[in-house]
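Listed below are the structures to be examined.
Shared between the two complexes below is chain A, which has chain B as its partner in the first and chain C in the second.
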Partner chain A sequence: MSSQQKLVVAHAPYWHDGSKISTKNYNIMIAALPAVLMGISQYGAPALAVIAFAMAFAMIWEVIWNLILGKPASIGDGSAAVTGMLLGMLMPATAPWWVIALGTFIAIIVGKQIFGGIGFNPLNPPLLALAMLVISFKGVFDFDEALRHYDLGFVMTYPLADLKAFGTGAIGKFSLGDLFMGRQAGAIGSTFGLGLIVGGLYLMLRGHMRWEISLSFLAGVFITALLFNLSDPAKYASPVFHLLTGYTLIAAFFLVPEDSSSPANFIPMLIFGAMAGLGTVLIRNIGAYVDGVPFAILLMNLANPLLDKIRPKAIGKVVENA
Partner chain B sequence: MTSKGEQTVAFALAAILLVVGVVCYAAFPQEEPEEPVRLMFKSTAGKILFDHKTHTVDAGYGIACDDCHHEEQEDGSSSCSGEDCHGPESDPKRGDALHSNCKGCHEDSGAGPVECAACHIM
Partner chain C sequence: MIKRSFLGLVKPRLEYNVVPDPIQELPVPGRVTLLLKEPQNGGGASALKVGDAVKTGQRLAASPDSAEYVIASVTGTMSAMATYVDGYGQKYAAITIDASGQDDWDDEFNKELSLDTALKFFEYAPGNPSFKPFADPEKTIRTIVINGMDQDLLLTANQYVVQNEAAEIKSGVQALKKMTGVDRIVITVPDSLVQQANTTGAEVKTVSPTYPDGLPHMIMKEVVGQVVPGGNTPEDQGVTFINAEAAAALGAAFETGQLRVTKVVTVVGKDGKTTNVRTRIGTPLRDVLQACNVSLNDRDRLVLGGAMRGAATYSEDLPVEPRTDGIVVQDEADSAQTTDYPCINCGECIRICPVKIPVNMLVRFLEARLYEDAAAMYDLHCCIECGLCSYVCVSRIPIFQYIKLGKYELSLIETAEAANE
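Moving on, here comes the complex of A and B:
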């Protein structure tokens, strides 16, 4: 039987296949580049400043932590750079430097290092930082207010804020094509749907990301939004609108499938992704916040250890000896 | 453990990005445009996003400056809520002045929102 093959383990010495954490992390950064470059091309130097500062500060915090603990520097694995880059992508181009310094501190030190560093964080570090910043500095993350000086030639109001404040009547001005191509107001690296999907597909094909979590999250968002939409189309936006706006796509491909805060087995991965998608739309449609992505995913991060109790059936046959 | 080469690359990356970040923040500070694009009015009844550009440009509604700004402000400030203007002790107060200005025009021209929740983000 082929399944028995899985139990055959040769004795030492073993041969390392050459795969490294840094390879994976640099691949994630490459995959995120199209969305980042779109943000920089739209908002210019301020967007570049936010991304560069976020990555630099994330690495600096990690080096400082290494020095305090007397441990060897760990930024070579690229994990801090990825965390910084993702947090930068979630911010508006107008974010002040001290918000970035504080945000990367929360992500790297509070979110990751105090739990033991890479692989031990129970919550997604960039999302933990984002959630704390959104609650603490509402004005910075009010995209309508933050981007009020920009006129980029498309509808410059934040789609989800319009939906929340003025209902579905106010979102007719957004064309789905524009939303998909990044012609919408929002965070630096979160608006270019096509770029995020291409990056996500690259990571899936290279095996750096679990497609199960990603796709179940998108399915969770779609189905929940569809049910709301079917129940009252005049009050709730279409599922495609929810997929293309806010943090949905960056979350699906870069945040929900984060290794250490997501389950490892098939069924738990599907539940995890789908529930995070469900929570996202629930918060958007009937919750207090404009976008539910950070809170929904952090809640599911907390449920992660419980979900991982659902284990696959052990290989082998139990023989009753009675 | 990461190799020495990887550490060097990471430190170099951090240094370059820090310099890029500092230069971009220092050299391109966020400045308000001479004529505002959009304004966010803040009130106790929620924020109001006002599209200044659409109201003023010819391709938009083409409203002249002095239709709304009835007095030329000497210091060039856009604030209407100063003590000698539409402050809390003035008559009309800022809220009343804006309500009559915005809603009045919307009603007269039969265009634009007049309901509270159509402007105020509550």
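Moving on, here comes the complex of A and C:
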């Protein structure tokens, strides 16, 4: 049997819904733009430089790794760019270039590529990098210290640091409206609450993010902070303050729901998010660090494979020895 | 092709086409090819020779007592015999018959209402029914489900038959009852065909028009109310499925005394336009496509069956078979391409899986060729093969292909173990 035309044979299905990894990652970058632009408008060229450096370095590390290992170029999927962008958003505008280079190296190579690349990272790459940088270079991530030359017309102290050092008496000067609109000191892309929420809603509605993880993380933060606040309002800040400061919102919408390092089943997603939120507030309120976001989430990342074993019974599954 | 909607929060719903297209009767082709299944252990001495005269409705088998046979769909002369191997390694003898143009009916079929008749003449009926479960002493069939729903998207071949041939289905239902001794016969149709289905004398049940609810395993769960355990078939549960077209073919044969040798096929063109045609079984796909004004270019796809579960084929010379409910032609630009990207654990497949398989874990085991672990821990055998996981995969992993491969490899292992015992 011969045929004139050369037809292409493949396995079913012959339809696809058209989704792609690159589309997903570009959408994440679009969603992050409002917060990034706000940071750039506040801190000017240095903030732009940090974001641009971080994205460029992240992509360069990935290209170098692909070249050394002779793997096909994976730069086009946008994953390295997203990692770089998110790491940049977590840094102060004054971060020196070598910290950015080192941080993106940790995120891309240590956090992702040595485990096998996209899809294989057990930990959230930007958070792993952030955690290692925070431990290694105290001054760089001390926002009061880093941003001491800036005066942007609002209170230029880092709210969480004030809370940690001086208790609730010191945070009366922050109005919740200011915090929500990004009028607070902090990292480039993580202070503009409104922008982050808009970006997060965009990702949720377009289905590029698992809303279950985001919302349960926020609920975890809120409820834990509320319990602390109820137990001793003089000592512990209000839950809304915890939601609007530090890395809470960027974590909720861009870091906790990272695909590879978080569960995919419904109940595990809720537990994962809620426990990360709980851990965040525990570290902030009674732990040693100013912001607990990176450590709480990294800890839950490690629990992810175990959590994801909680899953519905497949229909038709035969249970032996039942 | 239905793309992801802009708002991706809700999971995509793929709906069956429930408006059967009008039918176009195709002329008798000049040449038909019938695929005669060869037994796994090689064929015996063939009773068929090139040059033999063949009558319409004649039973053609490798030897008189062979269980595998085809029914000639035209009168003419056998002009060629070749071997054809399908995508799963099954060997067939491809028998080509040059049609003489006139139908001269074979008279071996004698309208006797017995299971033997069913086994002897109707296994090659349009719709590809199987009567073997009735003859299997290990199975007790208590219910027959006549599936008036099509199993894949866009296809309406079965629904066309329910809509227009309810009288034949009614005779078919009676014939089935007498031949098999089964009392409970259910017909499953979409809401739009309930009126016609009510006249068939079978118990009418409706099926939701959402894919994959027309698949036998889903009908078992939603309509019959029995979940088929993973790895089992509905027949193990005492239920067998017969397409509406096969039931109609059965009825028509007992009314007219002539076996039905035509098949209703839904042809889906490159623009997604559907047409129903009725053609002789064995008609080359080329003739069908020409009649529907569908042209093929290099690198296009020609799919037998439907878009989700069909099988792409490489030649227009292949014939319409009794099981060919649809022919889908896809332009190269519209063809879904797979990649070798790893799973990124986004969870889309988990949310869409109709039987709640943890596809994200399953595919990791299948990629690593750990088929036995995949079956033991991650429910490989529960899969009902709807293809939705591949359809939504962001990494475009050929998940469905991995699943079929895994099941195939496991079946080889089981066969080898059985042979060693």
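To be clear about the criterion, the second predicted complex is superposed on the first by the 303 of 322 C-alpha atoms of A that agree within 3 Å, B and C clash if a C-alpha of one lies under 4 Å from a C-alpha of the other, contacts with A are read in each partner's own complex, and residues count from 1 in each chain.
The rule we apply is simple: a residue touches a chain if its C-beta (ideal position, glycine included) is under 8 Å from a C-beta of that chain, and two chains touch if they have at least 3 such contacts.
Bear in mind that the values here come from a model prediction, so they are computed numbers and not experimental data.
In the superposition on chain A, A:Ala81 makes contact with chain B only, while chain C stays out of contact range.
Once the two complexes are overlaid on the shared chain, A:Ser231 sits clear of chain B and of chain C alike. After overlaying the two complexes on the shared chain, residue contacts for A:Ile118 are found with chain C alone; chain B is out of touch.
Within the superposed three-chain model, A:Arg148 lies in touch with chain B and out of touch with chain C [touch as defined at top]. Touch counts on chain A: comparing chain C and chain B, the chain ahead is C. In the superposition on chain A, contact is made by A:Ala165 with chain B only, not with chain C.
Contact with chain B, but none with chain C, is seen for A:Phe53 once the two complexes are overlaid on the shared chain. With the contact threshold set out at the top, residues 20-21, 77 of chain A are in contact with chain B in one structure and with chain C in the other. Residue ranges on chain C touching chain A, taken from their complex, read 1-4, 6-10, 12, 82, 84, 87, 94, 153, 217, 221, 227-232, 296-303, 305, 307-318, 328, 330, 332, 335-338, 341-348, 350, 354-358, 360-361, 379, 381-382, 384, 387-388, 390-396, 398, 400-401, 404. The residues of chain B lying in touch with chain A in their complex are 1-3, 6-7, 9-11, 13-15, 17-18, 20-22, 24-25, 27-28, 30-33, 36-40, 47, 49, 53, 117-118, 121-122. Across the complex, chain B is touched by residues 20-22, 44-46, 48-50, 52-53, 55-57, 59-60, 63, 72-78, 81, 94, 97, 142, 144-145, 148-151, 156-157, 161, 165-166 of chain A. The touching residues of chain A, counted against chain C in their complex, run 1-21, 24, 77, 116-120, 204-208, 210-211, 259-260, 262, 264-265, 308, 311-318.
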